[in-house]
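Here's a structure for you.
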Amino acid sequence: MLELLDWLDRPSVLHGLHLVGSLTLFVIGLYGLLGKRHLLKILMSLALMELAVNLLFIALATTSGETAPILSDGLTAFTGMADPVPQALILTAIVIGMAVLALGVSLAIRYHRLSASADIRALADAQD
Amino acid sequence: MTTNRPLLLKLLFLAVSLTPTLTLLTWDGAWVWPLFGEFELLFQLEPLAAFFLLLLALGAPLVALPMARGTPDVPTYALFVLLLLGMQVLLLAGDFIGLFIGWEIMTWSSYLLLIRSTRATLEGAQTYILFNLASAFLLLAGLLVFYSATGDFQIAALTEASTAQRWAVFVLLGLAFLVKVGVLPLHRWIPLGYDQAPDLFSAVLAGLISKMGVYGLLLLPTLFPDALAGLAGRWLNGPTAGYGLAWIGAITAIVATFKAISQQDIKRLLAYSSIAQLGYVLTALGVGSSLAVGGAILQTLVHTLVKLLLFITFAGIILQTGQRRFNDLGHLIDRMPVAFFAVLIGIIGLAGMPPLPGFAAKYLVFVGLIDARWLLLLAAMMLSSTAAFIYCYRLIYGPFLGHANSPEARDATEAPMSYLIPQIVLMGLLVLLGIFPGWAIEIIVDPVLTALNLAPIGAPSWGELATPYGGYDGVILMTVFGSAFVIVTALFWLARGQLRRAGSPYDLSFAGEVPTADMPLHYGAGMGRELRRIPLIGWILAHTTTGIQAGLTRQTLATAGLLGGLYRRDPQTWILLAVLVLASVPTLLLLNGGNS
Amino acid sequence: MEFSASPIWFIALPMLAAFSSPLWVRWRVLDQLLLGIPLGLLLLALGLFATVQQAPLIETIVIAPPLGIHLHLDSAALLLVALFCFAVTLVAAFLWHGATETHLRGRQPFVLILLLLAGGNGLVLTGDLFNLYVFLEIAGISAYVLTAVRDDRPALAAGLKYLIIGSVAGVFFLLAVVLIYLQTGQLNMAAVAQAFAEIPPAMQGLIAVLALIGLGIKSELFPFNFWVPDVYRGSDPAITALFSGLLVKAFLFVLVHLAVLIWIDPEIARIWLMTLGALTLMVAELAALRQDEMRRMLAYSSLGQIGLILLAFGFLHESTAAGAFFHLISHTLAKLLLFLVAALLLRRVLSLHLDALTGAGRVYPLTVGLFVVGALCILGLPPLSGFMSKLWILQGFAAAQTFWPIALILVAALIEAGYYFRWIRVLYAPAAASAVTDSKTSKTAPESWATYAPLLLLVGLMLLLGIAPFVIEGALVDAARALLDRDLLIQSVLGVAAQ
Amino acid sequence: MYHKSACEGFQCEQQLLESSLSQADAGLGVVERLVGWLRQRSLFVLAYGTGCGAIEMRPLMTSRFDAERFGIIGAATPRQADVLVISGYLAIKTLKRVIRSYEQMQEPKYVIALGSCTINGGMYWDSYNTIKCLDHYIPVDMYVNGCMPRPESLIEGFSALQARIGRGEPSGYQRYRDNIDWYKANQRRVLGDNMPPAYTYDWYSGGAV
Amino acid sequence: MLHILLDSLAMIALCYVMGFLFRGFYRQFNARLQRRWGPSIWQNFYDNLKFLLKSETLIHGPMFFFGPIIIAAGAITTVLFIPFLKDSIWLQGVSAHGNLILIIYLLVVGPLGNALAVGSSGNPFGVMGVTRGLTRLMGLEVPFFLGLALVMLQHETASVQAIMAAQDSIAHWNLITNPLAFAVILLPFIASQNGSPFDVVGAPVEVYAGPRVEFGGRLLGVLMTQNMMMTVAKLVLMVDLFLGGASNIFELIAKAFALFLLTTAISATFPRLKTEQTVDFFWTVPLGVAVLGVILNVWLI
C-alpha cells in the first residue's frame, strides 16, 4: 500500500495523473460547451474548462514534498518551496474567471427575463 | 444676394471646366510631390499627354456648358470637377503612381456621376464599376511588375527586364487599357454605362474617358526598347505583338459594328459604335508605323469630336422629347434643323467619309496597313467601316427622317442654346479639320509622333494630306464638290417646271393605298433586322457575352453563399470549428512526419 | 508628484478614471473626461514619438525583467497606442454631441470604454505573457458588456455569444501561457523568446496552435471569426467602431508580435500568418458579397481588411510591415467613419437593411456621402489613405518579387468593390423608398455640425494621409522596424543579445 | 368650262368632252416642239392591273410586241410614270386607288383607258359596283376600244397618244386641274366618304409653291 | 484655271454621252438576247430629257430636294478625281490631288447623300431599298477594296496616275500581272454598277420597294444623269487600273467598251440574287479569291 503511495508520489506519476485528470475535466467542459443547450450549463462548462487549466498549472508546477512558498518562522530559504509564481497567477486567473462567469450569468439572466428562453439555439436564431 | 448664388455657382463651374485649357496653356516644367520612401509624384506635360489634354480642354467646357443649364446640381458639378482633376492628374503624371491615381479618381468619380442618372440600374452600375476597377487593378498589377523590374515607377523604357517581365507588363497593362477602350469581350460595361449615364455625361464617357485608354495604349510601346517589335519580333512589315493587337481591334470593330446595327436605342448604338471606332484605333496602334499611329491619333481626335457632338446633340433631343429609341422619334428634321446638321456632320465623321477628317484618319490607317502588308486586316477594317454606314444611316434616319412616331417627336422644338453652342462649335471644328487635313497633321499629329520617336508625316500645305502612297487635298476636294453642288442646283433651278412640296407626310407612293398614322411607316425599329439572314452577321448577333458575365456573377455569388454559410449563428459551431482546428493541426503535423 | 512620461499612464489613467467614476458622476464631467482622457493620452503619445525613436521606453513594475512585469513602449506600440487613443477620442466626441441613445450616455459606457482603452493599450504595451492574458480579459470583459449595454434582446444575445466565444479564447490562450511557463519557467516575452527554441518541437507546435486559436478568435482570423458578424450586428455601431478600430487591432498586433518574437523560424511563421491572412481576406470578402445588412457587411469587410493586414505583416518584411501599419491606421479611420455613419443612419431609420435604405442618399446626402468616402478609403481608391497604404503593401511585395499576394489583394479588392458599390448604388437608387422618408419623419433628429465634426475630421485625415503619406512615414518605418527586429527587442529588455 | 350656272347634268359633261377634244392647235414655239417630241419618245407606263385587260399588257411589253421600241416601258411607281393605263372595268373599290395613283403622278401625265368597260361599263353596265364612264372621274386621254383590245390596238392607242403629245395638244391633266370641283363631285358621288385624301390635289386651287 | 474648267466640262460631257450610249447599247443588247428589237440606242437620252423637262416635281422637304443634288455633285466630283488619259494634260480633272482610296470613298458619298433624301421622303419602301443598298455595299466593298489594295501593294502607291504610268505595255497591264486582283474585283464591280445579278436594290421596273420609289420628275432626271456618269467613271477607273489606261480618247472608249461588254455579258447571263445571297456570295467567293491573292502576293512573292 505504501509502495503504491510512494509510486503515486513520484513526480512523473503524480504529474501524469494530474495531467490526465485535468485534461478529463477539460474535455468534460468542452463536451458541455458543445453538447448542452442551456446557457447556464454552457457557462458552467466554461468555468470547468478554466478550472481544468488552473488545476493543470498548479499541479504540474509542484511536486510532492514542496512547501508553500511563504517565508515565515524557520523557513527562511527558498529551497524546497514550490514555485510561487503559478500560484499567484492562478489566483489572478480564478478571479478573472469568476468575473467572467458572474458577468455571463447576469447576462443570461437578463436575457432570460427578456426572452423567456435560456437556450443557446435561441441566441443563434436571432434574425436581422 | 441669395438670388445670384445659382448663377455664381454656374459661373464657377464653367470657370473650373476651363482648367484643362489653362493647364495646357500654362503648364511648363516639372512639379514633384513626395509620397513615401523614395517614391514621388512627378507632374510634367509631355507632348503625347498634351494631345490628350487638348481633347480634354476641348471637351470639358463644351460639355460643361449644357450641364450648367437649369437649377445648379452641386454634387454633379463637384464630381465633374473631380473627374477633370483626375484626368489632368493622369495626363500630367510622369510616373505610374500619378497615372494610377488619376486613373482611379477618374473611375470612381465617373461612377458616382453615372449613378446620378435615374436610368442607372444595379446591373449597369455594377458592370461599369467592376470592369473599370478590374482595369485599374490590372494596371496596378502591371505597374507593380514594372516596378519589380526597374525598382522605379517612372515611365521609361524597360531596358533591363527579362522577357517574362516584359510580357507580364505588356499583357497586364495592355489588358487594363483594353478594358478601358472596351475591346471585345471586355466591352460590356460600355453599352450599359453609356446607355444609362446621364445624357450629357455619356458625351464625357465616350469622348474623353475612353480616350484615356487610348493614351495608355499609346504609352505602352514606349515602355519597350524597340516598341512592340521588341516583344516578339516582326511579322511581315510590322511587329508581331502588334499584329495580335490589331486583330483584336479589327474583330472588335466588326462585331461591335454589327451589334450597333441591331440596337434599338440611340445611346446604346452610339456606345457600340464607340467600341468599333476605338477598335480601328487599336488596329492602327498595332501596326505601329508612323502612318498608322498618325491615323490612330487623328482618329482619336475625330472620334472625340464626333462623339461629343453626337452625344450632346442626342442629349438635347432626349431633353426635348424624352424619347431615346429610334422607333419613338422621327421626322425631327423640320423642327430641329441644327440638331439634324449636327448629326449629319457627326455621322459623316463617324463613317469616315470625305471630306471630314474621319476620312483622313482612315486613309492614314489604310495606307499604314497596306504598307505593313497586313491586307487581311485591311479587309476586316473595310468590312466594319462599310457596315458602319448602315448604323450611321440609322442614326440620322431614326430620329430625323421618316415619320414622327410619338407625340413628343411631333411637337419637339430645337434644344436650348446651351446645347446648340457646343454643337455648332464642334461642327465647325470638324469641317475645319476636314478641309485642312494637312494642318491637323502638322499641328496636332506630328508633335505626338515625334514624341513617340516616330517619323512625322508632314504636310506640304494646310489642305493637303501627303503620304508615300499619295495623298489628297481637302481644299480642292471641298472646292470641287461645292462648285459641283452649286452648279447642279443652279441648273436645276434654271430648268423649266415647278417644284411642289407634298401637302402631307402621308402623300406617299404606296401602291395606291392611303397610308395613315397608325401604319408602321417609320422604318426606325426594324432597320438592319434582315441582316440577320446573312450567316456571319446572324452568328455574331446571336452570341453575347452577357451569359458569361451572368454566369460568373452567379458562380461568385454561389461561392459567397457557400462561404457565408460557414458563418453560422450558433456559438457552439464556432467553438467546434476551433476545436477541430486544434485537433487537426497536430494530426496533420503527425502525418507530415512531425518535422516542423 | 513629478510627472514623467511613462507608458504606465496609458493604462493607469483610464483605469483610474474608470474606477473613480462615481466622483465624476457627481461632478458631472463624464462626457468631458471621456473625451479629455484619451485626448490627453493621444497628445502624450504624440509627444513621445521623438523619444521612442531613440530607444524604446521600458517601465518596470516592482522587479526588473525577466522576473518582474514590464511595459515596453517601442515605436510599434506607440503608434498603436496613439491610434487607440485617437479612436476613443473620436468616438467620445461623437457620443458627446447628440448621442440620443441613453444607454450610450452615463457611467456605464464611460467606465467600459475607458477600460477597453486601458485593455487595448495594455495588450500592446505589456511585455509579460500573463499580464497579456489579464489585459486580454479586461479588454474582453469590457467588450462583452459594451456589446450588451443596450440591454435589449439582440444586444444581450450578441453579448452572450461574445462572452462565450471570448472566454473559450481566453481559456485556450491561458493554456498556452501555462504550457509556456511550465516548459520554460519564464513569462517575460523576451526571456521566453530566448528559451522557446529549447522546448521540444511537438510542444512548440502545441503551444503555438493553442495561442493561435486563442488570439485567432480574438483577432478575428478565418477559421475562428464566425462570431464577428453576429456581435457586430448586435452591438451599437458606435461601439462596433471601437471593436473594429481598436480591439481587433490590438489583438492582431499581439498575435504578430508574439509570432515574430517567440517563433524562431521566420519561414514557418510567414507561411502560417500569410496563409491565415489570405484565407481570412478571401473568405470574408466573398462572404460579404451577399450581406444585406449594413453592420454585417461592415463586419465582413472588417474581417477582410484584418486578413489583408495580417497578410502584409506576415510577410515579415520591413516595407510590407510598414504598409501594414499604415493600412491598420487607414482601416481604423475608414471603419470608424463607416460605423459612425451607420450610427447616424440608425438614428433616423429603423433598420440598416439594404432594402430599407434604398434611396437614402437622396434624403441624407451628407451622411451617405460620408459613407461613400469611407467605402472609397476601404477600397483603396486614391486620393484617400487606403490607397497609399495598399500601395505601400503592394510595392513591398513587388520589391520582394512575390506576386501571389498582389494578385490576391487585387482580386479581393475587386470583390470588395463588388459589394461596396452595390451598397452605394442602392443608397443612391433613384426611387426614393418610402421607408426612408417615412422613418425620417417619425424619428427625426436634427443633426448639428458638431455631430459631423468628428466624421469630417476623419475624412480630412484620410485625405491628408492619402495625399501626403510622408507625414507619418517615419513613424511607420520605425514601427515596422521595432516590430520585426527581434534581437533589438530582446536586447533592450534583457540587456543581452539573443542567441 | 364647267359652270353650274351655265348648264346642268349630262349636257354639261358632253359639252366639256367635246370642247376639250376639238381644241385647235396652238402656235407652238421651237422649244415646245422639242419638248413635245422628247416627251412622246419616252412614255413610262404605270400599268395598273385593275381589270381583265391587264392580261394584254404582258404581251405588249414582252418580246412579241416589244413596246420598248417605241420608248414605252413600265414604271414601278406613279411618281415616275407618265401614262396610267386603266386596264378594263373599274370597281368602285379600285377607283379610289386609281384616283390616288393618278393624282400622285407628275405632270405631264396621261391616261389610257382600255376596253369597253371603261367607256360604258361594257358587260358590267348594270353592275352595282363598277363605274360606267371613266371620264367622269379622271380625265381620259385615249380610249382603246374592244373587249379586250388586242396589243395591236393598244399600240395603236399609244401611237395616237404619242402623236397628240408631239403636237403639244392640251391633255387630260389640264382638264382635270381646271375642272377639279366637277371631277371631285363625281368621285364623291360614287365613293361617298371613302374619298382619297384631299392633300394630293388641293394645291390645284391653292396655287403652286 | 480656264484649262481646268474646260477639261472638267469635257470630262463631264464625255461621261454623260458615253454613259447614255453604253446604257443604250446595254438595253439593245439585252433586247436582242430576248429576241426583241429593243429601243433605240438614244432612248436613254429621251428618257432622261423627258424627266428633266417634266413640268411638275413633287418634293418632301428640303433634304429630299438636296439628296439628288448631292449625289450628282458627288458623281461630278468623282469623275473629276479620276484621270481619264495618261501622258496627257487633257481629261485629267483634279486627279493630281486625289488618289484611289479617296475615289473609292467618293463613289459612296453620293448614294449616302441620296439615302438621306429617301429617308426624308418618309416612304418606308424607299428606306428598305436604301438598307438593301447599304447591305450590298457592305458585301461588295470588302473584296473590292481588297482587290484594289492588292494593286496598291503591287505598285506601292495609291495614286491612279502612277499605277497607270507603270503599265506601259500590254505585258505590264495589271490584268496580266495581277490577274487575281482583277478576278476579285470584277464581280463586286458589277454590283457597284448596280448590274444584274446584283441589282435587286434599285430594280427599275419590277420591284416597288427601292430607293427611287418617291422620286419623280426632274429629280429623277438628275438621278439618271449621275447614274450614267458614275457608270462611266467606274469603267474608266477599271481601265486605268487594269487595262493600262488610255493614251487617247478613242483608246479609252474602246477599252471601256470592252470592259462594259464583259460585264454586260455576265449581267445578262445570271439570274438575280437576293441581298443576303449577294452579301454571302461576296464574302465567300470573291473574298476567298482575294485571300488567296493576298497569300500569293504578300507571302509567296
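Every chain is named by a letter (A, B, C, D and E) in the order it is written, and numbering of its residues begins at 1.
The criterion applied here is as follows: contacts are C-beta pairs under 8 Å (C-beta built on N, C-alpha and C of every residue); 3 or more make two chains touch, one makes a residue touch a chain.
Since the structure is predicted, the reported quantities are computational estimates derived from the model, not experimental observations.
Shared contact partners of chain B and chain C, listed by label: A. For chain pairs A-C and B-D, the one joined by more C-beta pairs in contact is A-C.
Note: the chain lying farthest from chain D is A, by mean C-alpha position.
Of all chains present, the one whose mean CA position sits nearest the global mean of protein CA atoms is B. Chain geometry summary: the mean Cα position of chain B and that of chain D are 59 Å apart.
The distance from the centre of chain A to the centre of chain E, with each centre set as the mean of the Cα atoms, comes to 102 Å. With centres set at the average Cα position, the gap from chain A to chain B is 70 Å. Each chain gets one centre point, the mean of its Cα atoms, and the points for chain D and chain E are 38 Å apart. Shared interface positions of chain E, i.e. residues touching 2 or more other chains, are given as 53-58, 208, 213-214, 217. Within chain A, the positions touching two or more other chains are listed as 33, 120, 123, 126.
Touching two or more other chains at once are residues 498-502, 506-507, 509, 511, 568-569, 571, 575 of chain B. Interfaces, counted as pairs of touching chains, are A-B, A-C, B-C, B-D, B-E, D-E.
Considering their complex, residues 27, 31, 34-40, 43, 46-47, 49-50, 53-58, 203-208, 210, 212-217, 220 of chain E touch chain D.
Those residues of chain A lying in contact with chain C across their complex are 33, 39, 42-43, 46, 49-50, 53, 56-57, 60-61, 83, 85-86, 89, 92-93, 96, 99-100, 103-104, 107-108, 110-111, 114-115, 120, 122-123, 126, 128. For chain D in complex with chain E, the residues that touch the partner chain are 35, 38-39, 41-42, 44, 62-63, 66, 68-69, 71, 73-80, 82, 104-108.
Contact residues of chain B toward chain D in the complex are 498-504, 506-507, 509, 511-514. Within the complex, the chain B residues that touch chain E are 236, 331, 333-334, 344, 351-354, 359, 363, 366-367, 370, 373, 375-376, 378-379, 382-383, 386-387, 389-390, 393, 396-397, 400-403, 464, 467-473, 476-477, 480-481, 484-485, 487-489, 492, 495-502, 505-511, 520-523, 527-528, 530-531, 533-536.
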